[in-house]
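Note that chain A is present in both complexes that follow, paired respectively with chain B and with chain C.
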Partner chain A sequence: MSSTTAEAGARHAATPPARKGRARLSPLERAERRLGLMMLAPAVLLLCAVVVYPIVELVTTSLRFEHLAQPWMGTPFVGLDNFARAMSDEIFWSSTLNTVIYIVVTVPGAVLVGLGLALLANQPFKIKWPVRLGLLLPWALPLVFTGLIFRWFFEFNQGIVNNALMLVGMSPRQWLSDPFLAFVATCIAIVWKSSSFVALVLLAGLQTIPRSLYEAAEIDGAGRWQQFVEITLPMLRPAIVVALIFRTITAIQTFDIPYAMTNGGPGHSTETLAMYIHKTTIDFLDLGYGSALAVLMFAVSVVATSGYLRYTKRDPRKEA
Partner chain B sequence: MAGVDIRQVRKSFGRVDVIHGIDITVKDGEFVVLVGPSGCGKSTLLRMIAGLEGVSDGEIAIGGRVVNDLPPRSRDIAMVFQDYALYPHKTVAENIAFGLRMRGASKPDIEKLVGEAADILQIRHLLERKPGQLSGGQRQRVAMGRAIVRRPLVFLFDEPLSNLDAQLRAEMRIEIKKLHQRFGTTIVYVTHDQIEAMTLADRIAILKGGHLQQFDTPDACYARPSNRFVAGFIGSPPMNFATVDIAADASSVTLGAGASAAVPQAARPRFDAAAGRRAVMGLRPEHVRPASGGEAATAHGAVELVEPLGAETLVLLRVGDAALTGRFPPEAKLRPGDRVPLSLALEHAHVFEEETGRALARAA
Partner chain C sequence: MTTFGRRRTVWLAALIVAANGFIPAIWILLTSLKTESELMRMPITIMPDAPTLQNYVRVFVDQPILTFLWNSIAVAALSTALCIVVSALAAYALVRLRLPAPGAILSALLAVAMVPLISLVVPLFQTMRTLDLLNTWPALVLPYAVLSMPVCVMVLVSFFQDIPNDLENAAMIDGCTRAGALWHVVIPLTAPGVFTAAILAFVNAWDEFLLALTLSSRVAKRTLPVGITLYQGEFSFPWPIISAALVVAIVPVCVIIAVFQDRVVGGLTSGGMKG
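Right, the complex of A and B next:
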């Protein structure tokens, strides 16, 4: 036994590692592999319980009729009926469109504001902590609180925004009951809340840019703006893309702030897909249809995430 | 082209003074190396010439024009940084062209000048690569390309070779020297490596603790160090130092524990300044040799350590209380514990004041 193992070892050492699909394993290797699988098992089981099981459950529910208000109907398999229903559901399309507009407005908005904040926080302040704290606070605040705070800001009678408008001689606006203004107000709240996360990501990116690059550029004759365009922006590109993708993934799921500020109103004008899913399942108890909507949203998130994963595999510094 | 005048320049960061009034005049076309241990202020001084640090007091002039209040881009200088500071997202060609582009050069001009610079540094085949794809030596060449392409008044080098391995460092040293011979541009070069300083410089400025210790040619710094610090800093292996008592008539020195050496007639003037006193004697390793043939030994030493280097052998000896390193011929087969008759070439000795380290009598 031991001599064959030794022989196998010698053969292995002499020949370059061949690409045999499933090489015969020595008892030692098999034992190691078994130990490895045992070590992995708890994590795999946990992942199955909290990720795989809910997703499978969601998908199977989306293929059934399941309405808690109509228990006598049972939960029959209905194939893609729920998805077909979504395609002809006006509110599905309007809430999807709202979500897309939220993404298109608040993601670049948050990145722009976040970039500004990051550049500000990267200045050589004597005392750094108030700036950093100011950056962190909106991030640390729960989303629903943000929604409630901004609802109060934009309130018609006592809101600080209308107060300010009146101070400069303008007439107060119906911020939360005009469809367009309500959208603007929720966007402002979302940008305020999410730009601090972007700022943190970009600040980390800014701090990895060596000072000597700016010094070299200064000697090379670049002014402040040229340094920003020629060095800061391109060097920050990976961080900006990461921030964009993270923000997009969370923006697809926009829920709390419009929920707390307008509850989707007036009408359905600020309702997002996530809010419509919530309404369908929790308010209307239509689990089958709500699950189908959730599967659609999940699919979009997966596409965005895979885009992110593909990007992070690349190293832009090594591209010729 | 232009020289650099540093007049009574001081620098403090907050309450900490790092440079205490330095005067250095770099002549047009001269290669000056600022050398010293870490924290001596050499890099700060270079950054002040570049305009990356403000001048707390005094004046810096480039080509006769005081530049204290000019931003770096208006000083017509180029700098090679220790970490090369190449723009990682730009290609080699874009890196080299950047300074020209910022100064509004035309596209054909840029292409021509970048091509020329690349040819001089033999990096034409790398022009389309990014810095991340280059080796350390190649990056170093790109950084130099970025500097020479603009034909500035002055080149500034901030420890440009310290990130390279020993062999590459020697190669690039030659490359830099060739560049200087080719362009004849004034160079101010910072290093902590005395070998770089000795091999490259027309004149060396040796700094310590923000004070200029000596500003002279490499030979002069080696042969006539102005103080004990310079004597110990320049030269490898470093100069031997021994505390000695000098006889009143300067005819002999005592190295403690009864070991004394006779001072030959010709060498006596060197010891006169400290005759009858205690002083520090400096003797370079090449002046500590085994007494050969009929030569009378000036002292005896006990071998403590032998370091064969091939062409020569370094021998650490104990003479009285003093530890002296000697450069011996490779044939000298010695072992620790051996007692060897020595010929100390005291006519080459340096004598330093014990307390201040100031050179009392300089070797001719």
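Right, the complex of A and C next:
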């Protein structure tokens, strides 16, 4: 075995690396490329069926009138009417604003809390599982279940939050029926749920920082805070950026937690754009208009996703 | 700081992280063990006065939770299998075979698969409606396989990279075909990577709500997240039943991540970081 391995290694080394141009590929290389394309085919087909074709369909629907409750109207082409309608639709703007506030509050919130959790978890524990499981559990819990559990926390009479407030002599609050407090409550639930994934990513980043850096800093007389600012934060920067972009991509789509906690209420005060699109299309069956809203949202998230991909771009054949 | 003080801060840190993660789950477990009248009492009790399983009995007898459980397991398992096969083929081709611009292809695959679900809701609803697939498993299995493709491809790419090329070449010199080398050498070596990717895909599918709500809302075809969220009480939200149902739905995933926590953490961070 060892001799054949060496032989293969020698043969491999003799092959000139990465030649360009089709004509210069050897028959073996061409066969490999064909095999490679065949192996990619299932992924490409699946993506075409589940993503590419639906997106094309989404765009064409957004340019038509299509209302399942008014089938006699047919599906006439209406140009940009649906988009024009969005511009003068108050609920579209309020749900967009809500989504933006959710992003602005919960993305930095989750990264800050996640950083705190990661720093706490980055200690020489003898028994590792309680901490690790403490970070994994919120990640594994479905978003809607998180919403339901926090709805129970913030319940007026039986909720643990109001009971704790009363225990320290404060009056109970209408957490889920006051517009502002409902927003606060949903934000808390979102930050709790998403900070654990951030913490896992940042913890992995923390563990790659060489201990010697801290030892050197200590010899130079740097305090704990200075070490954190001068070593930890700069070394964590790539991980923080990845976590921020990841969180932004998911925050744009905020749906499950407000749906389970408040169903967008009271009024429309916690309704996000994703919830409004879902309501418009699936509950009110206005597919044309809902598709136009979804196109707008799609455009925004493409920007966020491309930011992520640019940041993490790399060649899969090269070692990390 | 003294050793004793240092030890105490370490313990405190561990306690905060663990409490933050566990308390909501523990609270729902305690809630599910209380009687309905105890849940109405003010002020609330922390520990159940007289722990009872009556809520669980009601969930299993009066509610179709076994149907939800079965739908969740079937959809998650089928979509995981599909996702793993498709992602493994693609990841292997990207790492090993001479494809033009593999970096660009990888980025394109990830970009397409990271499309926000809400923009797929309307067209998928239309398409599944036309194909008469609403309220069937395939309506969820296909999109869920795509949902987990980015993380699975990234995990598998990093595992394939770690297998020395020479090992495969050796097998091929010994008379294996490329497919034979893949089957006899690469697959056994990447089994841990495949397993990690499979756990992540399974949890993703188990947790998904928006598509399940849209494409599969008939009671007999609901998955656990949809089924439990749409439980309706006659007067108020039925917390005794909800809490017991939540425990039933959370336990399987908890067991999986507790048993395989190393792999899950490794997979999540390699999928998120190295990608």
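We adopt the following convention: the second predicted complex is superposed on the first by the 272 of 320 C-alpha atoms of A that agree within 3 Å, B and C clash if a C-alpha of one lies under 4 Å from a C-alpha of the other, contacts with A are read in each partner's own complex, and residues count from 1 in each chain.
What we mean here is this: a residue touches a chain if its C-beta (ideal position, glycine included) is under 8 Å from a C-beta of that chain, and two chains touch if they have at least 3 such contacts.
Treat the numbers as computed from the prediction; the structure is a model and nothing was measured.
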**Message:** In the superposed model, which partner reaches more residues of chain A, chain B or chain C?
**Reply:** C
**Request:** Identify the partner contact of A:231: answer first if only chain B is touched, second if only chain C is, both if each is, neither if none is.
**Result:** first
**Request:** Report for A:287: first if it touches chain B alone, second if chain C alone, otherwise both or neither.
**Result:** second
**Message:** Looking at A:133, would you say it contacts chain B, chain C, both, or neither? Reply first, second, both or neither.
**Reply:** second
**Message:** By the touch definition at the top of the document, which applies to A:170: first (chain B), second (chain C), both, or neither?
**Reply:** neither
**Prompt:** Which holds for A:222: it touches chain B only (first), chain C only (second), both, or neither?
**Reply:** first
**Prompt:** Which residues form the common part of the chain A surface touched by chain B and by chain C?
**Reply:** 315-317, 319-320
**Message:** For a test of understanding, state which residues of chain A touch chain C in their complex under the given definition.
**Reply:** 1, 4-5, 7-9, 11-12, 25, 29, 32-33, 35-37, 39-40, 42-44, 46-47, 49-55, 57-58, 61, 117, 120-121, 123-125, 129-153, 155, 157-158, 160, 163, 166-167, 192, 196-197, 199-201, 203-205, 238-239, 242-243, 246, 249, 252-253, 255-256, 259-260, 274, 277-278, 281-282, 287, 290-291, 294-295, 297-298, 301, 305-306, 308-309, 312-317, 319-320
**Complete:** The chain B residues in contact with chain A across the complex are 50-52, 71-73, 77-79, 81-83, 85, 87-91, 98-99, 102-103, 128-133, 146
**Message:** Help me check something: in the complex, which residues belonging to chain C touch chain A?
**Reply:** 10, 13-14, 16-22, 24-25, 27-28, 31, 39-40, 42-44, 82, 85-87, 89-100, 102-103, 105-107, 109-127, 142-143, 145-146, 149, 153, 157-158, 161, 165-167, 169-170, 172-174, 178, 203, 206-210, 213-214, 224-225, 228-229, 237, 239, 242-243, 246, 249-250, 253-254, 256-258, 261, 264-265, 268-269, 272-275
**Fill in**
As the complex stands, chain A meets chain B at residues 210, 212-213, 215-223, 226, 230-231, 234-235, 237, 315-320
